[in-house]
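Down below is the structure, laid out as structure tokens.
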Amino acid sequence: MTSALPPIDDHDASPEVRAIYDDIRKTRDTDYVGIFWRVLANDPAGLKRTWEGLKQVMAPGMLDPLVKEMLYLAVSITNGCDYCSHSHGAAAKAKGMTPAMFAELMAIVGMANQTNKLADGYRVPVDERFKNLF
Amino acid sequence: MTSALPPIDDHDASPEVRAIYDDIRKTRDTDYVGIFWRVLANDPAGLKRTWEGLKQVMAPGMLDPLVKEMLYLAVSITNGCDYCSHSHGAAAKAKGMTPAMFAELMAIVGMANQTNKLADGYRVPVDERFKNLF
Amino acid sequence: MTSALPPIDDHDASPEVRAIYDDIRKTRDTDYVGIFWRVLANDPAGLKRTWEGLKQVMAPGMLDPLVKEMLYLAVSITNGCDYCSHSHGAAAKAKGMTPAMFAELMAIVGMANQTNKLADGYRVPVDERFKNLF
Amino acid sequence: MTSALPPIDDHDASPEVRAIYDDIRKTRDTDYVGIFWRVLANDPAGLKRTWEGLKQVMAPGMLDPLVKEMLYLAVSITNGCDYCSHSHGAAAKAKGMTPAMFAELMAIVGMANQTNKLADGYRVPVDERFKNLF
Amino acid sequence: MTSALPPIDDHDASPEVRAIYDDIRKTRDTDYVGIFWRVLANDPAGLKRTWEGLKQVMAPGMLDPLVKEMLYLAVSITNGCDYCSHSHGAAAKAKGMTPAMFAELMAIVGMANQTNKLADGYRVPVDERFKNLF
Amino acid sequence: MTSALPPIDDHDASPEVRAIYDDIRKTRDTDYVGIFWRVLANDPAGLKRTWEGLKQVMAPGMLDPLVKEMLYLAVSITNGCDYCSHSHGAAAKAKGMTPAMFAELMAIVGMANQTNKLADGYRVPVDERFKNLF
């Protein structure tokens, strides 16, 4: 598969793009910058916005970093995004996801996709007691 | 909204349906049986299969019960299932999800939906190092 | 709910739109024209194209008319289209779909949505023997 | 494509997994077990639940077995599931789907996907007469 | 419909949230702040990130502001997002979208959704000449 | 990838299919007929209906031809349709889409997909002032 715009190597990157690459490396404690970021680098403002947004969203918070990656993975699988399922699957594994945990995640993704359509297709009205969340 | 088939009250339920209702009450330690199950009860085999499958999938395992509910919720929101977002939102709250945790979940769901489409639209090829999960 | 463009009544319809309304009545042997068509009538060329396409696709062919309506319904439920699930549910019922048949359809829709995501999430490669259809 | 978890061959399968494989062979009157089941076998409880659910849903009922396969196929195509479109396409063909029947199915899938979005985008309110299904 | 978290009025907003509300008013030359932003304000960092991202993406660029709104609207309709179809429909109208232009947009959305599924379902391989975009 | 039905070459085409191929060539001022049309030709009525519908929808109207192609592309990317993203990406480029314009389109597609889910997941009620479009 050829990307719609070419991935940009470090030596072809502008200083602002290079700074984002370096921040990715530092934040993730790796020397590898994924092809996603290198393609997005064709739009430097988009690269910066997306990376900084992702970094903020995935930073330590109320939820455990592994839980965050697994939520990301479950959404990516539901959307059928091949790239993101691969990259966030790898990230979840690096943070401790075992095959058994992945199988549990998959079982939930499968079950939710089934009951989502059952609820929609049977036109089930929302129970009064579920109407207010917070 | 009127459901596609009428919800079945306890007194109209067959013994096999009633047994499922009782198992839902016992498993969840509540006297409330949601409309979803009461509509599904028009197909007793489907009710039994779906309830027992869900019970098995959401039972204690490698993942924390709250994490499981949040995964279910994230998938349901991604699919735009109004009923399931309400019912699993309520279930996650009952298991300890706070507004701040919900906001973190939502930020991940939003970000994943964004990057899923960026990866697809830019046709980003999967990095070699992400190709094998386990 | 207010439609994005107003539904057009018979007495406000241009001759070309009125001719489509009449063809809908004649083809379906009813005096009722659904709101979908009346809203689409704001774009007379779109109304004509869509109605004639639908009439052609749903005409008697290799598949039974009820099977055709059930396929339409299954797709509409999968897409979460509330209007089409209602209108094609009604059409399928008028052609003989019973509650038991609807429940079987729903069970298939639910199961397919589940296994679709299991196959995607587990990245199952297509079996050699399934690669050629015809 | 490499599956997320490795497919499990017969000789590596536990007795409970082997029993499911045998039931697949017997139920389908074939000696072939698809890769989907072999990957799912990494989660023996999930394999059993999914296979037994699928067997129940696709068993002879009110709807013709070929109609059931075509419903499964139409949903799988709508969801863009490559694996399931291949496996259920092959299953439908084995049960009698001809190229002409497949073309009719495809025409319905295409038309439904079009009108689903027209109804949503034009925000067409549901006709009173369509509000109750059964 | 009750939002999952309550909308935050101006007088209950923290200074940082109030500053975003003011920037929305100034950027859009209006005194109205939509409910979307007021609900998102429960997560001040998310409000800031989302608003600043949206402002950047929708700012004058290579594409005409009306074209940008119409692209946003077409995506929102395809995703079945009721809120965004309403808000971006209103924004597109404010920027000059007429009923005839909306009808053209809808015709394209409908046609694309149809051919998307025909291409997927018929498993059409990508033509060599389409493989490289830029 | 092998298509579900074989593409039909000019010399194997019936006169009615050949006439459509010729109209595609003439309308687009090219001698190339894409594989999509050649596969669809297995269903001559479907080929004629789809081509004539597409030709009508994409004909000069209120919207600029390039804007039309970009709307088609944005929808195709949102739906994850690989074939259509390639073919309409190529068509948009041929009509003048530059890499910078494509990057703006992608930024909008990504942002819309994000806010669509935020609005759904937070269950944001539609503002009164957005309820009527035209």
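Labels A, B, C, D, E and F are assigned to the chains in the order they are written; within every chain, residues are numbered from 1.
Criterion: contacts are C-beta pairs under 8 Å (C-beta built on N, C-alpha and C of every residue); 3 or more make two chains touch, one makes a residue touch a chain.
Computed from a prediction, not measured in an experiment: that's the story for all the values here.
Common neighbours of chain B and chain D (chains touching each): A, C, E, F. The two sequence copies chain E and chain F touch through a face in which the numbers common to both exceed half of the numbers used overall.
Using the average of C-alpha coordinates as each chain's centre, C ends up farthest from chain A. It takes 120 degrees of rotation, in steps of 5, to superpose the Cα atoms of chain A onto those of chain D. Simply put, of D-E and A-E, more C-beta pairs touch at D-E.
Averaged C-alpha coordinates give centres for chain A and chain F that are 27 Å from one another.
Rounded to whole angstrom, the centroid-to-centroid distance between chain A and chain C, based on C-alpha atoms, equals 34 Å. Shown for chain B are the residues in touch with two or more other chains, namely 2, 4-5, 50, 53, 57, 78-81, 89, 99, 102, 106-107, 109-111, 113-118, 120-123, 131, 133-134. For chain E in complex with chain B, the residues that touch the partner chain are 4-5, 42-43, 46, 50, 79-81, 133.
Taken in their complex, chain C has these residues touching chain D: 1-5, 32, 34-36, 39-40, 50, 53-54, 57-58, 61-63, 67-68, 70-72, 74-76, 78-79, 81-84, 86-90, 93, 98-102, 104-105, 107-109, 111-127, 129-131, 133-134. Partner chain F is touched in their complex by these residues of chain D: 80, 89, 99, 102-103, 106-107, 110, 123. Residues 2, 4-6, 45, 49, 53, 56-57, 131-134 of chain B are the ones touching chain D in the complex. Interface residues of chain E facing chain D in the complex, by the touch rule stated above, are 77-78, 80, 85, 106, 109-111, 113-118, 120-123.
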